[in-house]
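Shared chain: subunit A. Partners: subunit B in the first complex, subunit C in the second.
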Partner chain A sequence: MRKVSSAAKAWDRVFRVLAAIGAASPAVFLVLIAAIVSVESIPTLRFMGVHFLTETRWDMGNLYGAMTHKNGVTAPAGASYGALVFIVGTLLSSIIALVVAVPVSIGTALILAYRVRGPLGFLLNILVELLAGIPSVVIGLWGILVLVPWIANSFAPFLKSILGWIPFFGGQTGTGYSLLASGMVLAMMIVPIITATTRDLLEQVPVLAREGGLGIGMTSWEVVRYVSLPYIREGFIGAVALGWGRAMGETMAVLMVSGNATNILPQNLYSPISTMAAFIANQLDSAETDASGMAVHALSELALLLLAITLVTNLIARWLVRPRRREGVITS
Partner chain B sequence: MKLRSKWLAGLAAVAAVGVVAGCGTSNSSSSAQNTASGNTSQQAASVATVTLSETGSSLLYPLFNAQWIPAYHKLHPDVEMTAASTGSGTGISDAIAGTVDIGASDAYMADAQIQQHPDMLNIPVAISAQQIMYNLPGVKGHLHLNGQVLAAIYEGKIQYWDDAKIKALNPGVKLPHQVIKPVVRSDGSGDTFLFTQYLSKSSSEWSQNYGYGTTISWPGLQTEIGAKGNQGVVAALAKTPYSVGYVGISWLDKAVQQGLGYAALENAAGKYVLPTSATIQAAAQAGVKNVPADERISLIDEPGANSYPIINFEYLIVKDDQPNASKAEALKSFLEWAINPSEGNNSKFLTPVHFLPLPTSVHAKSEAQIEKIKG
Partner chain C sequence: MRRRRRKWKSAFGWGVAWLAFLLVLFGLVDLVGSVLWQGVRSFRFSMLFEPTQGIAGGLENAILGTFELVVIGVVFAAPLGILGGIFTSEFAPPRLAAAIRFVAEVLSGVPSIVIGYFGYLLLVLHFHWGFSALAGGVALTIIMLPYILRTTDTSLQQVPLLQREAAWALGMTRTQAILKTVWRPAASGMATGLLLAIAIGLGETAPLLYTAGWNSNNPSLALTHSQVGYLTYVAYTYLDEPYAQARQLAYAAGFVLLMLILIIQLVVRLVVGRSRAAGGRSAA
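Up next, the complex of A and B:
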């Protein structure tokens, strides 16, 4: 047996400390960020109370005028912070993104996992991964130059003409800077995430089960529907939750195509919106000129809310994919 | 064993760097003492360099980064300057916090902020302006617009281009029956400050309900587009027929190239004027007599038949109590240089970024403020 030198023991201790720091850091950062954002938002919690969630008007007040005092905190006269517009914008745009992205991702993942092989498969896989690597500001630029005018001139009038009888699809078709444009750029950004995860899951479905399905006369679609999809169900929900979280937190691309509406809820799919993340990015600079500091506290509360919503969707996804007894599903 | 020697080598290298750095500083101070009686060029070379940092206005950033810093560094190699484009609000709060030496801002500090931080100086260094631009296919020439009509458009009270109130200002112009799409800046901006100040001066209703600021709580309109940065506004205007928006003067040429028109605005004398260097200078000359000692003043709607109504000072925000004498000296001499008409305020620096020099009578007030800086 090798004799352990004292130097080796010392290095082992150093390694342990470094590993402990490394392992603790994600938790420490999360707790620190949550704590700072929470503490920063206390003045707004006192100033606005529950109205922060229910009102649509966001107004820093007259920064060049007098201050008012309410509930023991100070803010410029006329200040009122209602985040409902941004909550609705964030949820609706990310849900539209999921509605568009999920079918596309499943289709792409099926083709990548089961149909294409060799150089073509290699190329397609690379392309999906490259799509994930496009910086969001580039997608936003494409959105301004191509997507927004196309929605304004062609797509929105077309949607209205065939689906206009459904509420939310009718009404003014607007400027192209819209809920629809936001949902579509977000869909582009989350398709690669969901596709890559789903492809890996599909590749893990046992070949024996799929071949068995084909052997008893199932069509390709039936194999996918009754063998593959049930097998990957839980992992797939996780992938969708991952995409949803990304869509709600995405800032730059949405900021560029959403129209950044304030003080007004979307009337239809073609209305301008604003999301929590984009609004924080837009407003922080002006908020810093508020001598009372309330504007920064209000943005902190918005950040806290975004953090909480992302956490809740994550927990729901975890609950959905919790381990349980499989019934009627073929396992390997 | 091999692994351990690598670690040791790394440690040794770190220690060596530390020792060298320590020696470096002690060497330079001792050489400074040695050469105190020696020749001056050697002395200048051994004086520790001073760094001046700037953050703030994206409008002032090109002036700092591409014009002033290279030119000033040539004259004063002992002063290292850095600049960053962060937005005016961040520039002001960085300067207050003392994380930077100079905060650049398109808007002056509010009274409430000055009361909290009476040691902050707002020093004008140049004059800027803003034009109202529109995308109206088929309409040639410059539309006539005024503050009341613009306020009504942005409030949603005037919804179509052929509204009677717009027609009344533009007899003979064939205006389309199309919905007006107003464009605003979604990010905090000196341009929003200027534009909303113009609307507030023109319309008491606007002043009461919306006021002015680098960001305001806009009337929520379905037709409105919020775009980020001047480039975002120009892109939104260019891609959206029948839109209207406000754009900083430095973007005028680029926006006109993209097919946008810009308006002649009604000034305090009731005349319609275009933003040119003559009309901006005229407005600045008219405004200077009201400039107070602390130089925080709006230059909107200055009197005079030839005055363009939307102009402003570009400010550098600095603390009057600096941490040490050498920093205070460096800051003072840079600011003096920047406002000197034959140096930093020369048109060879200002013209590329579409600013105009300070009027001479403002110069003295800026100098008096710079004199307050102490180490």
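Up next, the complex of A and C:
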């Protein structure tokens, strides 16, 4: 037998170090992103304080006039960076997306997991996974081409005529570029995510437990309702949280259909809005014109807030969907 | 009576599920159909060979720019991701491996606009690279990296331990075992992950807005201080223009983009089969 040469041993050590560098890189990037975004938002933190969260007015001030000084920070006169409009827009649009996407995803996952199989099942699974891969700009394109006109011409008036007596559903139906359109576009983007995870979870429900349900005379729906769904509950909530995080961080599709409202809170479902992510993307040009650099710092704080919110939802989601060993039979 | 009611309830439940399923299928078909339809009507082959001029012209600069950005992204992301995946699967003790997977997943959950803005703050402003191919490429790297790492890790985890033990018994070091035998069964999974990561990179816009800028000339080979155009920018910006020509260009860009991504996705999934690695499920 040939002995392991020292060259091979040295290469083994080098390779391990290289691999470790690769493995450490996501952590490095994550820390770097958090650090840079935090450091850059310090001036706005000092300038606006807690009003960043409670103020609705986002105004870069008079960029060619005098500067004001406040808390040791220089900003254009009249500047105010209030993110409440965007926080509200982000939360509302993502919640609408969840309200639409969750039932649809459960239904689709049930069909994919239990009702179609063989080549047809393979094909349909591919189609749903395809939806997850469609770039958000293309979904935004579809939003402008199809969804927005449809909402403006038929869906919004229809909703108003049926549910108009509920405060948020009444009022002007607007142009279609709206909270509703943003929510539906987001739903389109998170349905495949929630569906894929839920389908995988449903396929993990032990066959014995499901057959046991059928054996005591349950209908197939009762098996789903009383065996499968309770079994996957935690993982499913995790999948929803994952989708929620994605919906809040999504930029392009929302940017294209939201109507880009600033300084005004949405009055009803059909009002234009803007989200944190979309607003950051939208402000590129104006941020560059601010000589004091405050606009850049303010957007940085917005990015920090968005990062924090999505990280928290992601952590909760990962904790809920973490793989765990389960006994073959469920214990109530 | 009771039995009939339960049967009806069952039928109703499944009916609702089918309805939801059909809704998703309808949405997908409507989306792909309407974008392709608009695209086909606006697309001309000459667009592939002429750069954008003002609000009209072609897409050559955007297509080349997209490829340049994705290539730069892959050049960084593929080695880091594959090496990282190898470390996670082969070298790391279980708790460290779990931690790396967790961090990678958290990174993949960071909104892409935040990554773009980070690139703007650090690379464009602080490093003075300006809007450039390199800044955009690094932003794409951060998007693709966790994805490549996870798929590499998952496909290596599916290789049976027996194969490693056989290699070690021949006197191979761990590295030799990985580079000579263990990677082979995992190769198709890794290739799938890489291709899907490229598809993701092709379709990204948000991380590039703040890093790559826009250029209506074909990309030069300069890595910094030279803005680059890309397809998703055309699809997003030119749609807002009031001119029919500009909108046609936007539709055509969306069309080219969608075709590229659909082709990659379909090829990958049909050739490799339904890849569980792509489902984002962690290896138990």
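Methods note: the second predicted complex is superposed on the first by the 313 of 332 C-alpha atoms of A that agree within 3 Å, B and C clash if a C-alpha of one lies under 4 Å from a C-alpha of the other, contacts with A are read in each partner's own complex, and residues count from 1 in each chain.
Methods note: contacts are C-beta pairs under 8 Å (C-beta built on N, C-alpha and C of every residue); 3 or more make two chains touch, one makes a residue touch a chain.
On a predicted model such as this, the values are computed, not experimentally measured, just so you know.
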item: Fit-or-clash call for subunit B and subunit C when the two complexes are aligned on subunit A; value: clash
item: Subunit B versus subunit C, judged by how many residues of subunit A each one touches; value: C
item: Partner chain(s) touched by A:W11 [first = subunit B, second = subunit C, both, neither]; value: both
item: Contacts of A:Y177 with subunit B and subunit C, given as first, second, both or neither; value: first
item: Subunit B versus subunit C as contact partner of A:V148, first or second or both or neither; value: first
item: Partner chain(s) touched by A:M256 [first = subunit B, second = subunit C, both, neither]; value: both
item: Subunit B versus subunit C as contact partner of A:S220, first or second or both or neither; value: second
item: Which superposed partner A:A291 touches (first subunit B, second subunit C, both, neither); value: first
item: First (subunit B), second (subunit C), both or neither touched by A:V191; value: second
item: First, second, both or neither for A:T68, with subunit B first and subunit C second; value: neither
item: First (subunit B), second (subunit C), both or neither touched by A:S38; value: neither
item: Residues of subunit A that lie at the interface with subunit B and also at the interface with subunit C; value: 11, 144-145, 255-256, 281, 284
item: Subunit C partner contacts - residues on subunit A that touch it in the complex; value: 1-4, 8-9, 11-12, 15-16, 18-27, 29-30, 32-33, 36-37, 40, 103-108, 110-112, 115, 122, 124-131, 133-142, 144-146, 188, 191, 195-197, 200, 219-222, 224-225, 242, 245-246, 248-252, 255-256, 277, 280-281, 284, 296, 299-300, 303, 306-307, 310-311, 314-315, 318, 322-323, 325
item: In the complex with subunit B, residue positions of subunit A that touch it; value: 7, 11, 56-60, 62-65, 67, 76, 78, 144-145, 148-149, 152, 172, 174-177, 255-256, 258-264, 267, 271-272, 274, 278, 281-289, 291-292
item: Interfacial residue positions of subunit B with respect to subunit A in the complex; value: 4, 86-90, 92-93, 107, 109-113, 115-116, 181, 186-189, 211-228, 232, 235-236, 239-240, 243
item: Subunit A partner contacts - residues on subunit C that touch it in the complex; value: 6-7, 9-14, 16-21, 23-25, 27-28, 30-32, 34-35, 38, 79-88, 90-92, 100, 102-107, 109-118, 121-122, 125, 142, 145-146, 149, 171-176, 179, 196, 199-200, 202-206, 209-210, 232, 235-236, 239, 250-251, 254, 257-258, 261-262, 265-266, 269-270, 274, 278-282, 284
